[in-house]
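Comments concern the structure below.
For reference, chains read A, B and C in written order, and residue numbers begin at 1 within each chain.
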Amino acid sequence: MTACLLYVTAASHEEALSLGRALVEARLAACANVLDGMRSVYRWQGELREDQEVVLILKTRADLADAATSRLCELHSYECPCVVRLPIEGGNPGFLAWIAAETDSVTTD
Amino acid sequence: MTACLLYVTAASHEEALSLGRALVEARLAACANVLDGMRSVYRWQGELREDQEVVLILKTRADLADAATSRLCELHSYECPCVVRLPIEGGNPGFLAWIAAETDSVTTD
Amino acid sequence: MTACLLYVTAASHEEALSLGRALVEARLAACANVLDGMRSVYRWQGELREDQEVVLILKTRADLADAATSRLCELHSYECPCVVRLPIEGGNPGFLAWIAAETDSVTTD
């Protein structure tokens, strides 16, 4: 099983938690880590803008990443949310097995 | 277009924001995410040291990573700043396209 | 030298710092970055659970990652800690050389 990490930004702590719960509930991710107090800088309609956001990190199987990304996009308050996928190339074998077990039977209701 | 994530540490919130603004302004990055309150542990001249730092995460094109890294090193207050590049292997197609569009015409003034 | 980043979660700031110090002391990592105030969501014995945790990010050589992961698992308060390894594919050449120099002579006492 190959695992990966999804790096997501959300508008608030509540949104990040709710997205994390939804993905773990549906077994599209094994766990979610929410880091508050992120300041983002980006260009919007030609102007540099800054916002307060929250980082959401999800650990899941690589072969579930597309389904997890689609679910995040459906649930997210942004029209085009930041969801980027970073490869996991190793780690604690027990934890990687736990990721596999926790995402074994995806529920898509 | 292949994207990547640059993980940088800065001395302060102000430095991280100023680096983020400079890279986004120059279209060397599509966006910057600043996370405060990081505690770092490292060895300096044989002694273990700890400092308060700030994490700066930049999302850009893989083929701009070297130019973005050079610009960060020029602007950074450290002599040898932490800039490490993590591969992005997928994610929300719309967001990845946005990264490409936002870094399309690098300004090097 | 190929470098990598280990993403770890710990139960407290003290635990994350102590793990970071131990790995840097033993030259199993060049540096450790601790980010507080992380909220995790996961399933435990069939129930969704949430905990306050701390993120620990370690930068080291790829060929030391397994040894570093084993040491983390020995020292960690959890039975099966999250240690996942993300590939570093480039960055500031000076900083990558610093990672190599700092992890050159691993002490395993």
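Observations on the structure shown:
What we mean here is this: a contact is a pair of C-beta atoms (placed from the backbone, for glycine too) under 8 Å apart; a residue touches a chain by one contact, two chains touch by 3 or more.
These figures come from a predicted structure and were not determined experimentally.
Interchain contacts join each chain to each other chain, per the touch definition above. For the pair chain A and chain B, the fraction of shared interface numbers is less than half, so the two copies use mostly different residues to meet.
Averaging C-alpha coordinates per chain places the centre of chain A 20 Å away from that of chain B. Multi-chain contact residues of chain C, defined as those touching 2 or more other chains: 35, 37, 86-87.
The part of chain C that touches chain A in the complex is made up of residues 4, 6-7, 9, 35, 37-43, 48, 50, 53, 55, 65-66, 69, 72-73, 80-87. Contact residues on chain B toward chain A in their complex (touch as defined above): 3, 5, 13, 17, 20-21, 24-25, 30-37, 57, 59, 86-92, 94-96, 98, 102.
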